[in-house]
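The structure's right below; bear with me while I get my questions together.
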Amino acid sequence: MNTAIDIFTVVAICAGAAFFMAGSVGLLRFPDSLTRLHALTKADNLGLGLIVLGLLPQADSLLGGLKLVAVWLLVQLASATVAQLIAQALRHRGRGT
Amino acid sequence: MSAPTLAGLTGAALVGLGLYGLLVHPHPLRKLLGFNLLGSGVFLLFGIIARKGAAAGFAADPVPQAMVITGIVVAFCATALSVALLLRLFEAGGAATLRPDVGRDDSD
Amino acid sequence: MSVIQALDISLAVLVLAVAIWTIVSRDAFAAVVGYVAYGLLVSLVWVRLFAVDVALTEAAIGSGVTGVLLISAAVRLRGTEAAVAAEWPGAGSRVLAAALCMVVTAALAAVVLTMPDPGATLAPEAARHLAETELGNPVTAVLMAFRALDTLLEKVVLFLAVIGVWSLAADGNWGGIAGPRRATNRQGALAFLAQLLPPVGIVVAIHIVWIGANEPGGAFQGGAILAAMWMIVIMARLAEAPAIGERRLRLALVAGPAVFLAVGLMGFAVANAFLAYPAGLAKPLIVFVEVFMTLSIAVSLPMLVLGPPDRPSS
Amino acid sequence: MTEFLLGAAGFVLLTVAIGLIRVLGGPGNVDRTMAVQLLGTGGIAALLLVAAATGVRGAEDVALGLALLAAFASVAFVNSAAPEDDREAGRANE
């Protein structure tokens, strides 16, 4: 049982780390700011989400687990808002000049 | 090399870097960044004193930690006041420079 | 080399790389962005040093509130860099400055490397007296009881800094609305964030102040989070910044230092020393003072970030 | 398991930080802001992983604090940059 949980943790965290790498590569390789924004949001949502999912079975208390989920939700909210704001700023600039 | 020693060496390097920025950069905002790096290097040195003072069941000596917390607040106050002064200087003289002759006469 | 050593070394290298960037970057905005990233990395270093209270403070201040302060300043000062470019010291002075800084770093590094391990410590002393304060978090005990005078003075410094910033207002704007004038357009996404985040932030802040007695946390960290929530509301223009002449604002600013001072003076009467707590009442009194300190911090930090008023109140 | 968590923390931190250091040089301030946003999320992930591995008490609260402030720097940037751009756009149209 314990081994099964550990395998789950390892798989989820590896997947999360891969999304972070994808986000960084996207930030470096994509040609314009809007596509880079797309790469960024994937890393934020899925990267952190999968790492939190992997850490959940390792949490030592219910409150600890709830805090992990809260961290993920807050980052989701922050990254969604920032993505909107940056996209607006980019569109604004595209029109203004 | 242990984590505290490594953090201490990082702190020492940060003090040097911050001092260099504070001395050399002509732009006041960049001097402020240097000042903050210097401060945070000193705080890290306090941090290793705290960590090496781990005793009595505490992972780190609480006294240097409390001093660092106080220090962070005071450094923030100093930074905020300097930024306000700098922005006022810019509003009043149209330039962000510490040279005494600029702003007093406009021949520059 | 173990995994944890590799992690510590990469963290140290990253901190230094970002710090070097903030010094050598040509662009002030890029340097400030580097500093925000630096604050985040340093708070990870503090977690590795097992100083979670400091990590929390650094996270809230280093990469949070200071970041907003410096980013707004960098954006407002853009275009001033070209003018000061001529003021760079000559190559000779720069080499001299670099050599001096290297000497300072080398001296500090030598101190670090020769530091005894385990070193001098006040931890046993703090542990011995911890029970008298009835607190579980030794850092809070040092801040609020053993070295309470430092903390009281720190709060006074915070208050004086607010007065200093306000005193920069032009005569006609005295008593006016804090901070620069803001555009009136409300951006949908930002307003959404500013409505959703503060309720959560307030709960987390109260949680951090409350557990600060026994676990990492405390008045400053909680107050800084509350301050950040208020600033988000102001930045989203859901609420106007307060006028600095407003009585409620001024009361909130002095509440922390004033209550702390009053409790300190009461120490003369009930425990024979300034800032001494009567036996058995230490914890309730400390929590009582912390509540007012949290309020003052939550109000002072936005005032420092917003800056002096630049328009009259009506 | 401890070693794995620490390794994952180092990996996440290194990938996002290398991205950040590359992007700090440019091309624009928007990209710099995005890189810091990514570092913020990666830093939170690394913090949670390190906390789970070393068992530091209270580290989740640091992560909560960082998560609450995650949008802060970017909001300040967009917010203080926008009115300036409006003025510039207005001038260009005149």
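For reference, chains read A, B, C and D in written order, and residue numbers begin at 1 within each chain.
In the analysis below, a contact is a pair of C-beta atoms (placed from the backbone, for glycine too) under 8 Å apart; a residue touches a chain by one contact, two chains touch by 3 or more.
None of these values were measured; they are calculated from a predicted model.
Trainee: If you average the Cα atoms per chain, which one ends up farthest from chain C?
Mentor: Of all chains, A has its centre farthest from that of chain C.
Trainee: Averaging only over C-alpha atoms, locate the centres of chain A and chain D and give their separation in whole Å.
Mentor: 11
Trainee: For chain A and chain C, what's the span in angstrom between their mean Cα positions?
Mentor: Distance between chain centres, rounded to whole Å: 27 Å.
Trainee: Please report how many Å separate the Cα centroid of chain A from that of chain B, as a whole number.
Mentor: Roughly 32 Å separates the two chain centres.
Trainee: Between chain B and chain D, what distance separates the C-alpha centroids? Give it in angstrom.
Mentor: It comes to 21 Å between the two C-alpha centres.
Trainee: Where in chain B do residues touch two or more other chains at once?
Mentor: Residues 59 of chain B touch two or more partner chains.
Trainee: Could you list the positions in chain C whose residues touch two or more of the other chains?
Mentor: 4, 48, 50, 53, 76, 187, 190, 193, 197, 200
Trainee: Give me the residue numbers in chain D that touch at least two other chains, ranges are fine.
Mentor: 33, 35, 56, 61, 64, 68, 71, 75, 78, 81-82, 86
Trainee: Show me, using the given definition of touch, all chain pairs that touch one another.
Mentor: Applying the touch criterion to every chain pair yields A-C, A-D, B-C, C-D.
Trainee: Can you name the residues of chain A that touch chain D in the complex?
Mentor: Residues 6, 9-10, 13-14, 16-17, 20-21, 23-25, 27-28, 33, 36-37, 40, 43-44, 47-48, 51-52, 55, 58-59, 64, 67-68, 70-71, 74-75, 77-79, 81-82, 85-86, 88-90, 92-93, 95-97 of chain A touch chain D in their complex.
Trainee: How about chain C: which of its residues touch chain D in the complex?
Mentor: 2-4, 6-7, 10-11, 14, 17-18, 21, 25, 29-30, 33-34, 36-37, 40-41, 43-44, 47-48, 50, 52-53, 55-56, 59-60, 63-64, 67-68, 71-72, 75-76, 78, 182-183, 187, 190, 193, 197, 200-201, 204, 207-208, 211, 215-217, 221, 225, 228-229, 231-232, 235-236
Trainee: Across the complex, what residues on chain A touch chain C?
Mentor: 70, 74, 77-78, 80-81, 84-85, 88
Trainee: Show which residues of chain B lie in contact with chain C when the two form their complex.
Mentor: So the residues of chain B in touch with chain C come to 1-21, 23-27, 29-30, 32-34, 36-37, 40, 43-45, 47-63, 65-70, 72-74, 76-81, 83-88, 90, 95-97, 99.
Trainee: Which positions of chain C touch chain A when the two form their complex?
Mentor: 187-190, 192-193, 196-197, 200
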